[in-house]
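In what follows, chain A forms one complex with chain B and a second complex with chain C.
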Partner chain A sequence: MKTIGWKRMATALVILLLIVALAGCGAVQSSPSANSNQNAAQTSQKGKTIKVALIPKAIGIPYFTGAEQGAQSVAAALNIKLTYNGPTTLSASDQVSMINSYVAEGYNVIAVSANDPTSLAPALKAAMKKGVKVITWDSDTVPDARQFFVNQATVDGIGSTLVKVVADHFKGKQTDVAILSSTPSNTNQNQWIDAMKKTIADKYPNLHIKTIQYDQGQPSTGVSATENIVKGFPTVKAIISPDSVGLPAAAEAVEKLGLQGKIYVTGLADPVVMKKYVDDGTVQKYVLWNVLDLGKLTMNVARAVADGTMPTSGTFKVKGLGDFQVNNGQVLLGLPMIFDKAATDKYNF
Partner chain B sequence: MKRSKFFANWSYGIIAVFLLEMVILSSVTPKFLSNLLPMTENFMPIGIMALSMTLVIIAGGIDLSIGSVVSFSGVIMGLLWQHGMNIWVAGLLAVLIGGLAGFINGQIIVRTGIQPLIATLATQFIWGSLAVVLSNQGSIYGFPGSFLLLGTGFLYGYLPVQLVIFVVLALLFAYLLNKTVFGRQVLFIGNSESVSAYSGVNVNRVKTWTYVLSGLTAGLSGVIMGSFFASVRGDMGQGLELTVITGCLVGGVNVFGGAGTIVGAAFGVLLLGMLSQGLNFMNVSSQVQAIITGVILILAVAIQQLGTIFARRRKMTGGEGAGKLRGERRARVE
Partner chain C sequence: MKNEPSLFWKIMQSRESFLLGLILLLLLIMLVVSPSFLGPGNLMNILTNCATVAIVALGETIVIITKGIDLSVGATMGMVTLFTGSLALNGFPLAVVILVAFLAGIVAGALNGVLISYLKLPPIIVTLGTLSVYSGIMYVITKGNWVTNLPAGLLQLGNFRLFGFVPAPVVVLVVLLLVSTLFLQFSIPGRHIYAVGNNEASARLSGINIKRVIFSAYLIAGFFSAVAGIFYVAYNGFSTPSTGGNMELDAIAAAVIGGTNVFGGKGTPLGTLLGAILLGIVTGALVFFHIPAVWNLAVEGIVILAAVISDAALYRMQTRRI
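Up next, the complex of A and B:
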């Protein structure tokens, strides 16, 4: 009873590693040889019904549901059989598993908002190898893992529009501004903040950024960070939060402190989240791209890619939606929208 | 012995349910069968970790840290590779680091007497956060193509490498649990720790080894997932532990320890994994899939409970056909 079988098992593990290593030398291939996908040979699906999988970062989020509504509204007219499904958490591996299923099931186009730029790459490349068209929307992967990226807004577009909202409100008056970002290491946030600084330097010398605080992705942290801004920087008259967690938190804090009308709050967030603060007057205007249009444009790109008519650079004309710039595989939705009360009531995402 | 016999029978039941599921899914979605083998690549790390989790649970423990160990060893592999180490050597070291993490779990549990649930919850936080910090909140990628075959390759053009690894490991673990002294000691400890200790079993050592194995398979899963996704991230293993434990429980591993089979756990994972793939094929949303998984877990464990109670009652009444023989209760020496 005193010896345990671990020596034997260690030997077995070593043998296993050897088997794998040996197998790696010869018999292993990168894809199954029996290819069951019939789409591979066909280059154009023109005039045929195509199956498109629209995969968000996660389901059950108003932002992505808005994109789905947009996509559904044009799918029938484009002769697209649309499936909208994604993981329940922001999981890249769940997305990979779904992509693999959709490829196996014979979908023509996969349109995904990637939870990670690199983790999805092998699955997407394998999909393209089998003749499935791959586009990304909202959040890109590495460029060689997809054919097109439907880019909802450029860094400059977001930065300049956010600053414009504040500048239009204060009309040339000297104004101290605070920024409420999500985390210090968030790439998107930092790029937008840089773009805001650049716009201020170029066009609005009357605006001065006094401090940048962080909500760490938590509403409660955002509320206390805003309180710190108000108490620590009493000259600040405007708060910009380019973060959909930070903006409602800033509005909540300003409301709590009874400073409505004294501190101008704006930023990036969804209409459904902002409705409450717009209705009670804490927030007048805020910025977001039109998510419905993002869904519609993604479907149009899906159709054009399947038809083989999508230009990699130039102008992409969509009937009823407008003309869109395409730069090296990136389709631009255009400048973000400024939402006021009327727009907030109208949109449901 | 009746109890473990019931759990052995449960593994036949789970295989039957699995086969039934295959038949149903293949008839509902025509392309399901032709993609059967490649689809397993999406959940083989879960299966690999379920093998060692079975031993941990049978010995009366639980290991909540494996998801974080997956992330941690994956990130370590990526960092070593980034600093110029050969990817296979880095991968091997990552597996060993997983084993070390398991050893630490085991030592915390046997030396301090902290509940396994609490000890491994704590190390889950530690390894998980370290992984995120070390990876600098981004991903490490660009591994050489030959390494990617570990997670995405096919042996002889149709057998996924991951599946081969899983089957070989499953056979090893089944042998370990059923045919070695170590395996019998694991079961013994799970049935009664104090009796095993009085019988001369080195309880602490056996328990520590179950956690070391758990860490090793988690490390291996980290390497395989790094290959499958062609990148590693600090949060790549997040939440995997619960999927692994669910597979074990559906496969008939008794959460209180003392009973369970490798075959059962392996098919528990296959059952749930294939179901999720099949439901993806049928465009069932992820939320509904999660609900279905919850219902299956409750049903599976409830049936196991009822089965155990029934088996016990049968034993009390003295044999075949519980109701019939109730009157002539025979004394039976077992």
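Up next, the complex of A and C:
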């Protein structure tokens, strides 16, 4: 067998180093906001400043970026030194190593949107043993691995609101509906779809779900799946996509087929992504909870948990945000919002 | 019985005509079961929807013919969608956007090429690594945001229709199909690609610069991924940092179904295109048959296996005849 010469090894190393250097530049560029925050917090010098790590399922999803914006907007006022960071893919094991390092760095509160209900539990329990307060937001772990869960919306709330948007539009008319989900194994999607089916069975017998297709998280797959739905199920008059890739993809496909106004498209997605389709009239209404408020509420819960003033049941009052129900460690954000054109223009996440 | 092969056998021997027959048979079944499948525009839709995969697969085919494999083509395409989208959003003129996008794809391909041909590292490991690097860069480009609400110029590029009915991605696909066929069949560097894949040792003895041939194959794959990326984002109107995930598998599948031999030396662009079309028709047909979508992946897998098995069977029958 031929061996690789020193020259080649050296070249390979140089190339690798170049890649690492490039990646490093990118990382430095993307974190100035975190640095400036730290400086601001250090100058305030109050003993009550707490360090909070806000960990999303993954960075790079507008939804979580919106939650970060909300959290940042209230962090200073709550005397919170906020670090927002998460894995680049939906990885629970990456979250575990982040949690461990934040505990080691002496953070007071860890607020995580869990990629998996069980695999974070050992790390979170170890954190609580060391006196770190643990809350989950957006996506819960098993209850004994955290102190509070900030629940953005209940499964029933989302399912029933999505169906209500369609039912209100068709006003009792017999209507065939198709669903465009992300992947067949996505727990959230499947729970929402079950809740939609339940709402239809209970309240809207005029709606009929004809098919469920999947976009696999890819825009092009969403577009072609929608085209296949429209051609393969000619009676379908409404498409509900409870997925933030699927909804714009469905809108794009309906536009390409020239069926605006003939097929009603709605679902769950971020305003910044839906703007184009709302502006040109392909989509009139869609659903999402207020992600900014989710970030704000999570920060307020973090502060209250650190202060020891958070009630495990009852009402949690937040000045300027409202009153929130707390049930057995679950803080409810409330019913999701129905976004129309005006709301789409107003929000930026 | 004479040893003269029958006409049917001759036709079956060509992978392209075998696939074409299979596709026509499928369409015939669809015509009987669900005539609307062949309705106006739907066939063009299917072709349009498999266009980006097919373009990526054309590049992959050239790599596989050299006995290599490129797992980074999907990530390269995804990376280009984000470069294209964010440059366009920042107001750069379309020509600059396209130039930079091409450059990104070529650099990505060249990096693979250097590591594999000049440093002699195994293709599957190198491109597995660059797959991660390029997917990682996607998060860096936009700091994780999506590209959406794109300017009209870029969207027009992806949505123009030649003669009023041939969508842009299909036009590009046809052009690249012709170019790559001419390149592989009639140009000297193209023939060298087959020669290297067939027998590296004898190719070297006949004076072919093996390193340059292998390097150029990965460079071409990067370029094709760039073209696919530009039209992906221009046609679909938005892209995310996970765009192109698993697309390398679809591209390899299309090439293999199309008769490209993973042991090198064999494969044609037309076969790959037919492979991509077959996959597209199967996915579409499942919806028309009202089969629950959870079956899609399994059925696609069966099609791939059927292609590989039929290939092996045909090969064995062929060698027995000789």
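Observations, loosely collected:
Going forward, the second predicted complex is superposed on the first by the 302 of 349 C-alpha atoms of A that agree within 3 Å, B and C clash if a C-alpha of one lies under 4 Å from a C-alpha of the other, contacts with A are read in each partner's own complex, and residues count from 1 in each chain.
Methods note: contacts are C-beta pairs under 8 Å (C-beta built on N, C-alpha and C of every residue); 3 or more make two chains touch, one makes a residue touch a chain.
Owing to the predicted nature of the structure, the values given are computational and were not obtained by experimental measurement.
In the superposition on chain A, A:Thr88 contacts both chain B and chain C.
Of the two partner chains placed by the overlay, only chain B lies in contact with A:Pro122; chain C stays clear of it. When the two structures are aligned on the shared chain, A:Gly60 is found in touch with chain B and with chain C.
Shared-chain residue A:Glu252: touches chain C; no touch with chain B. Looking at the shared chain after the overlay, A:Ile212 reaches chain C, while chain B stays out of its contact range. Of the two partner chains placed by the overlay, neither chain B nor chain C lies in contact with A:Pro336. Of the two partner chains placed around the shared chain by superposition, neither chain B nor chain C is touched by A:Gly295. Residues common to the contacts of chain A with chain B and with chain C across the two structures: 2, 4, 8, 12, 19, 23, 27, 30, 59-60, 88-89.
Those residues of chain A whose C-beta lies close enough to touch chain B in the complex are 1-6, 8-9, 12-13, 16-17, 19-21, 23-24, 27-34, 36, 59-60, 83, 85-89, 91-94, 96-98, 100-102, 104-106, 116-122, 126, 142, 185.
By the touch criterion given at the top, residues 34, 36-37, 39, 42, 45, 49, 52, 111, 114-115, 118-121, 133, 136-137, 139-140, 142-146, 148-149, 159, 232, 235-247, 280, 283-284, 287-288, 290, 292-294, 296 of chain C touch chain A in their complex. Residues 29, 31, 34-35, 37-39, 41-43, 88, 92, 136-137, 139, 141, 145-146, 148-150, 152-158, 161, 164-165, 168-169, 172, 176, 180-183, 185, 199-202, 205-206, 209, 216, 225, 228-231, 233, 236, 238-239, 276-277, 280-281, 283, 285-287, 290 of chain B are the ones touching chain A in the complex.
Residues of chain A that touch chain C in their complex: 2, 4, 8, 11-12, 15, 19, 23, 26-27, 30, 59-62, 65, 88-89, 184, 211-214, 216-220, 223-225, 227-229, 231-234, 245, 248-249, 252, 256, 272-273, 275-276.
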